[in-house]
Structures are given as C-alpha cells and as structure tokens.
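The following block contains the structure, expressed as structure tokens.
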C-alpha cells in the first residue's frame, strides 16, 4: 500500500496495550496462591492501511489484547516467561495482519502472612519477562527492575581522567549504591524458568556483595559475568545501573569527625552506567 | 508585633526542612549496620517579625536544621522516636524564638545480604515516627506507611444503603486490599520503642489477616483495637485505608467461568476509609 | 452503639471516593467547552455500626458516590465550588446516616487550539475547591496547587539566628522559587466564584512578583494579605510554600565568575514555609 | 584488552550523568531571561579497562561531566540543540578514550509575569533535544514530551478485526486524547533551531486538530507527515502516542441520556501507538 502523499512513507511501528493489571488467585487449596502482574503487549505487521487511510481491517484492538490477557489467565499463569509466550504466539498465529508480537510482564512479589493473606511494600523490586515472537522460536528474556543494592564499603574510585572541569577527589572508601535493572536473554529456553530466575538473581546479589569495586563499571561487568556463569541458557546480560551517590557529610564544621558514618543520599543528578556482558561464541 | 496593614494578621504558621535524606553506617564491627532515614522538621514560635517585616533575628535557618540532623547522627541514631525527640528538644531548647517543634522521620528498611551489603525494593513500606515538643513531655507517635495488605477471601460487602445512583451489587466474597497508613500515639513512652513498633506492626498484620470482613470500616476498627490491645502505651490509633478495588473480570463473554480467580487491580478512583480507634479513659 | 470490646471506642472517621476523574464536554455550540476535574468525596455521620459489627445499613457505598458525581455532571458543571456544594448537600440531605460531607475538586486547565481541540501539559497547576457541609450554610474554600513561581532577583536572606550548626552564608541576591499551594476560605459566598478565583490568583501572582523579599515568610504574608484585599469575601488564606532552593554554582574553580547566572535547581531537601493570613474581625 | 575470564566479553556500553538541573538567568537587561534545563550525558568509547580491571585511566568522571554542563552555561545557552552539541563535541574532542557522546536536554517552559518573575505549572510539556556525536557531523534531533492533546469529536474507531475475545463496540464519535512524545531527526541542521522547533510544534498541533481520525494510527501518520512538510530539514519523525481512553458513562441507569457529554478519564491500562514517518529519498 502506498502512502497518501508521495514523498513520505511509514517506518517502523507497533501498537498494543500497556499497563494491564492482572491479579490471579489460585484457590485450589485453602492455601491460596496470589500472582500480581502488569502486562504490556505490542504488535506489528502489515498495518499500513490503518496509518494511511484509517482502514482498520487488520487491527486487533488493544482492548481485545487486554481481554485476551484476562481470558488466558483463567487456567493459570505459570512462569511469567511462559505466560508471555502464550500471549505472543496467540496474537501472531491468529491475527492475519500481525507478524510480530512483543509481550512484557512485570511481576510484583507479595509475602504470605496467612493462608489467604499477603503483605508487600508499595513499589518494590519487580521480576520482568519479555518475549518476542515472529514465527519459529520465541526470543525470551528475563530480568529484574528496581532492585536496590548498597555496599557500605569495599568500593573505591580513583585513577580517573582529570581535566580542567574535574573537581571530584579520589576516594578509597565510599558507599556504592544502585537500583538494578538487569535483563538476560536466553539462547535456549531454560527447563524451569522460575529456577533459572532465582539462580540469576542470587548470582546478581552475590556478585554485587562479593566484588571489591574500583568502579561501578567493574561491578557491572562482574554482575553480568556471574549471571552468565550461573545460568548456562543465558547468552547476554544487559545492565542499567544508576549510581545513587551518597555524599559523606563534612561534620568538621561542627567539631566532629566523620569516618564513613554519616551520608546524604543524593537524588539528582545521578551517574548512569549501562553495559552488556556476553557469552562468546565458542 | 502588629501586622503592617491594619485589619490583617498572621495566623498559625511553621517552617522547617523537609526531605533530609540521612544514611548512617555503624562500622563498629565488620558486620556494618545500615540506617536509611528521611527527616522532616517544622518549627514554630514567635515568628511574627519575619512575616511582617522580614526581620529574621529569630529564624534558625532551615539549612541549619538540616545540618543539625547530620551532626546529631554522628553518634548513632537509636530508635527513630528517640532521634526525633533529640532533635525536637534541641530546637526548642536552644533557639529563643522557637516554642514548638515537630520532627517526623520515615525509615526505609533494607535486607542484609552480606556483612556490608544490603538489598531493598524501590519505594516500599516505611516505618514512621513523629515527635511534637513544646516544653515538658514530648508527644510521641509511631506508625507505618505504604504497607500493602491483601486478603483473597473472607471479605463481604452487602446490606448497604441503596439510592437511585446505586449500581454496585452486593458481594459475599471479594478481594480486600489496602495500603495502610497507621499512626499510634503513645500516652507514655514505651521502654523500648523498637519492640513496641514490632509488636504493633505484628498486631496490625494479624488483625488484617484474621478478621472476617463485612466492610473495610470493620477491618479498620479491628486493626486499631488490636494495636491498642498489644501495645499498652498506645492510646489512639489513626488509620487511613485506601480501598484498592479488585474487579472480578467477566469471562463469560469468552465462554469461561471466573470463580474468584481473575481480577483487574484498579487504580483510580479508590475508596478511602479513615478512622480513629481510642482507648477509653478508665 | 457501643464498641464490641469494653475499653475501646471509635473516634473521628470518614469515608468516600477519591480520584474520580470526570471530563465534561459542552456541545451546545460547535465550539465545544471542555472541563477536566478530579473529585474527592468524604462523608461522616452515624457510622458506628459498620465499624463495630459490619452492619452497613447506613453506608452509602463509595461506588454510589462516584456514580453521583457522573450523574450530577450531566446538566453541566458550573463553577467548581458550586458543583462541589451540589454534591455535598445531596449526600447529607438524602443519606439518613450522613451528617457531614466534604467534597474537594481539582480542576485541570486546557488551552483551546480549535473548536473541539485542546492542549495541555502533563501535571500543571490546578484550581482547587473544597466544600464542607453539615446542614445550614456550606463552608466554601478555593485555591491553587502546584503553581510554580520564581523571581530571579529582589530576594535576600540575612540577619538570621546563627548557632553552632549554622553554615549558610547571608545573601543579598538569590533566586526565590516555590510551588504554591494556597487555599482561601470564603466568609460569604462570592457572587461569581470564577471571577473571585481569577482575582485571587492574579493578586497572588502580583504580590509574588512585586514583593522585595527578605524571607519567604515575608513573601507568604504579602501574598496572603494581597489576596484578602483583592477578594472581600475571603476571610483567611492558608499557604504552603516549599522553598525550591537554587544553588549558585561555584565556577571560580574553572576560572569563571558567576554573577547570579548559573544555578543548580535543588530537589531534596527543601525548606517548607507554611502559614495563615487572616482578616481581623472588625 | 581481553576480558578477565575467557568465554565472556563486554558488549555495548555507555556512562554519563543524568538529571543535571541547570537554571540560567540572563541579566543583561532589567528584563531577565530564564532558562530551565535538565541535561543528560552519555559517553562511550574505549572503556574495556574500567569494566575488566577497574583501571579508570580513560574515564572522565560523571561528576566532571556535570561540572562541564554548568561551566559551559556561563556564557549563555542558546538553542538547546546547539548547547547539547557544544557539550557532545567537547567530550569527544578532549577525552582521549571517548569516541561517542549523546547529550539529551529537556527544557521546561516558564511564562513571564514580570521583568524578573516567572510562573509555570508543575510537570508540563517539555521541549527536547538530542545530539549524537562521534566525530564528523553531529546527528541532531528535536522534539516534545508530555504534550497533552484532546479532540472532543471527529474521531471514530470501527471496522477493526474481531475475534473471540473482542467486546469493544465500534464507535463513530469518541474523545481522542493522547500525551505526545515526538522526536524528529534533522538531515541538515536548521539555520534557526528555535524557529524550526516552533514550526514543527505548530504543525503537530494543527495536524492533530485538523485530522478527522479513523484510528490513532491515522492521526499519528498525519502528524508525522505534517511535521516533515513544515520543516524541510527534518527527515524522520518518531511518535509515541498513548491512547488516553475516555469512557462514556452509562447514565441510562439513572434515567439520563449521555450524548457524548460525561466521560471518565481512564488511567490504566492504556493503548500505546508508536510509529515512524519518513521522508522518502528522492
């Protein structure tokens, strides 16, 4: 289909439903199981007509995508990666114009406080999954978001490039804190995605806690490598690590020392360290 | 002091520093102890002059209030109630124009993952303290904020008043979910504020999980009463309970039943139930 | 009604619906008129039974309150103060157990860009109204929220109390910036609430821009007094003014001067100045 | 440089400072000019060493990047595109290990209310700029974020694909509302970026208001094409349009009609329509 005005054309595009809030209760036993997900769908394919003329023949409404999420949840969620893949395959396999689907899920954890009672904090760390499907094998990724980590010591930052605008002093002991967003791609689907997730998350925490850090970049690399070592199905880890600066307060003005005890947690601005760690092809 | 223009006058007022982010590391042993607080101060007293003429003689700057928070933290925080009281007493007792101080503290919890390593979720439940001091005894309150609680069953809502605008059906089984803000005033200071806090929080969770609920108001009252029973020093509990509606999805449109399994977690609007439970004077 | 357990009792309480998002389109002419409100209701009265036993006979559901907002909007909104009062009177006058209602409304402004097209920024300044009704006359208040104001000069801060924790230097020229929350109570209802609102808002802006400020408290008082002078029906103005600190950057480290040109806009912590200005009884 | 553990390697990475809040006051005349920016930098290049061993020799600290933003602002900002390019070129041209810089700027608008006084709403629409530089010509993009647009009529949605999960009724008159994020790449730098920006923004608003919409995708395409027609230097427009659903309220339950008058503004979930419009190579 050609664009209505010569000289212009449609480029990459997608559409879907974001923020579908799904809560599922498994009541099979008196000890209920609670799942709390936010699902985001994005479809693409042969959608020139709706863009060029408003012909919606090929458009599966985003409202239908939302309905599908709720309907598919009826018989259980399972691992979030599997639920995302079920949805992605359904959209591509049944809607003629849709060639590709991306389904992302954020799962919010709750702590059991009774057979049918649960507690949680607002916000909190999320388990994430992302499935891309365009026919054939689905590409599956898993991860975490907003996982705060903090080391009170074993972190230095020195030996850096200094130019005329550099005023930062070198330090051999600082607080290192970050809010981890990590995503790892699976080369092959793990047999048990829940176990793979827990293994990856544990490796992440261990690497952060174990690594004597000379830079947040070094920590990033160590974390990524540790996840790849722990989860053989993972081929690549992408990490986004905001550096949550903690400023040692100058208490000498008040006749007090401050040997790494009192800090201001900074807000803006923040450093942002992003990077990828890959398993090399053999 | 009289107002500059006859016919107008200054009413109640206060000033202070909000959002003082304080992180404290106790390094006395290799197993570091981390505390993460946000402190808010508010002072009042004989402050007509700064309002009427900009004469700041009596004004202890909010920047100084912030400095004081960091300086006082040098030798340790202790219970947040005690730290707030130290600060409140200092401002009133040393600044001549200041007759009253209110210090609020929000404490963010971290989970230990190593001797000097900690993890947390973004946001999350907060422990709160509020101290008001105007000479004599300080008034001390403690509480929680953003504590999400959810029961998957044992909640009804029926028998309510119906008018011409009522469309809500009665239900004998619904999800009951809320984000608790609770504050309890102490009639007398507990010997160990940390223990009192933990006892109150446990009572709150137990009451929420145990109560077969016919209305969120009933749950509110049960929670407040249980805290007062568990903590004899508390004389009044104030609760703010947003009703986080969970909408059962109509899957019959898709040929599926939905016996309390699949819900949409609502966002706006939300019910808001607020109330106070008091210990009666003997 | 007595509480289920002797020794405990219900104190102040209310319940209602928060965050009712109402958009109204007046299509009477081809030039549509758009209104965008968020309504919050809170009812109180004889509600012991629902708290003590879950007997909901007197409870008008929050869902019904929401429905009422939408139904009442059918024939037009009018001034937000009037709409809030219509709702408040309805709840008290028709629900037997309800003795008091508080209805708050936030109105979000849009800019016309066509006969039926409108533009706005996310967030933005809100016009607010609050009506309290318990029989007899309603108490009506109006106001603004999140109105950012900034003066680039004509602001000093000096002559303040200094103690051992004071490090702030005095300044004779600083940026003064705040995000105004202002609420004014009407002693008598203005004939035209929209005109009264616009007059009050203009007085607020003029006072902020005109006042040579020796403290944010002085500006607060000047703003409150100016509103009272401009709007004779208003009897009291309550103001909450966060001090949005702007830190002059030390560029001398880079061989540059900085005569009040380059600032960092601070975030946390912030000063918070709150106060009331009243018309004196004659 | 090789990774410390055989079989693993560093992939794409960058680092920089985010959220640098810069306020600039031009005091050259009594009528001050205010600029309010948030700057985000991201640098990449030969940074294997810091990731693999913590050798920071090539790392220009993010703190220095922040200092540079403030220092460069001393002599004026100019168009945000030009300021971003000055910064990007500086980092690449002076830091030996840095091969590529991306500088993004968000500019917040203020309304003048006096010679040195300004007003704004919290949040609000942002003007954005993004410059990528890796030697040679810089790639420059401009845009807007959080620009809310709403049409009260002239929007339909029908003729879409229906499957077993489709329940959405077709409509021939609905509210169409969105929060525009638009970014346009310049093939060649416009002589006056400020004029080009205003022209593009006006075209965006006109296209939204003028287009009789059969789908939000059609509106997206119309907006993109209109920007390209208006700004000859632009070669591609990327648009992200959340569909801010407005739900017509069923007032028939209360004996009232509702001919497109009373709506609930929805929050979650929301449709998300994203797409690109390109100028074709001649």
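Of note:
All chains are identified by letter, namely A, B, C and D, in their written order; residue positions are counted from 1 within each chain.
Following the convention adopted for this analysis, contacts are C-beta pairs under 8 Å (C-beta built on N, C-alpha and C of every residue); 3 or more make two chains touch, one makes a residue touch a chain.
Predicted model, so just to flag it, every value in this text is computed and none were measured.
Number of steps on the shortest path from chain A to chain C, with steps defined by chain touch: 1.
Of the two chain pairs shown, B-D and A-D, the one joined by more C-beta contacts is A-D.
Of all chains, D has its CA centroid at the greatest distance from the CA centroid of chain B. Averaged Cα coordinates give chain C a centre that lies 30 Å from the centre of chain D. Taking each chain's centre as the average of its CA atoms, chain A and chain D sit 22 Å apart. Chain B and chain D have Cα centroids separated by 37 Å. Of all residues in chain A, those touching 2 or more other chains are 21, 67, 71, 165, 167, 253-254, 267-268, listed in ascending order.
In the complex of the two chains, the chain C residues touching chain B come out as 3, 5-21, 40, 42, 47, 50-64, 66-68, 71, 94-97, 156-163, 165-168, 213-215, 217-218, 220-221, 224-225, 228-229, 236, 242-243, 268-280, 282.
On chain B, the positions that touch chain D within their shared complex are 164-165, 167, 253-255, 267-268.
For chain B in complex with chain A, the touching residues are 21-27, 32, 34, 36, 67, 70-71, 73-74, 110, 113-114, 116-125, 146-154, 175, 179, 205, 208-210, 246, 249, 251, 253-254, 256-267.
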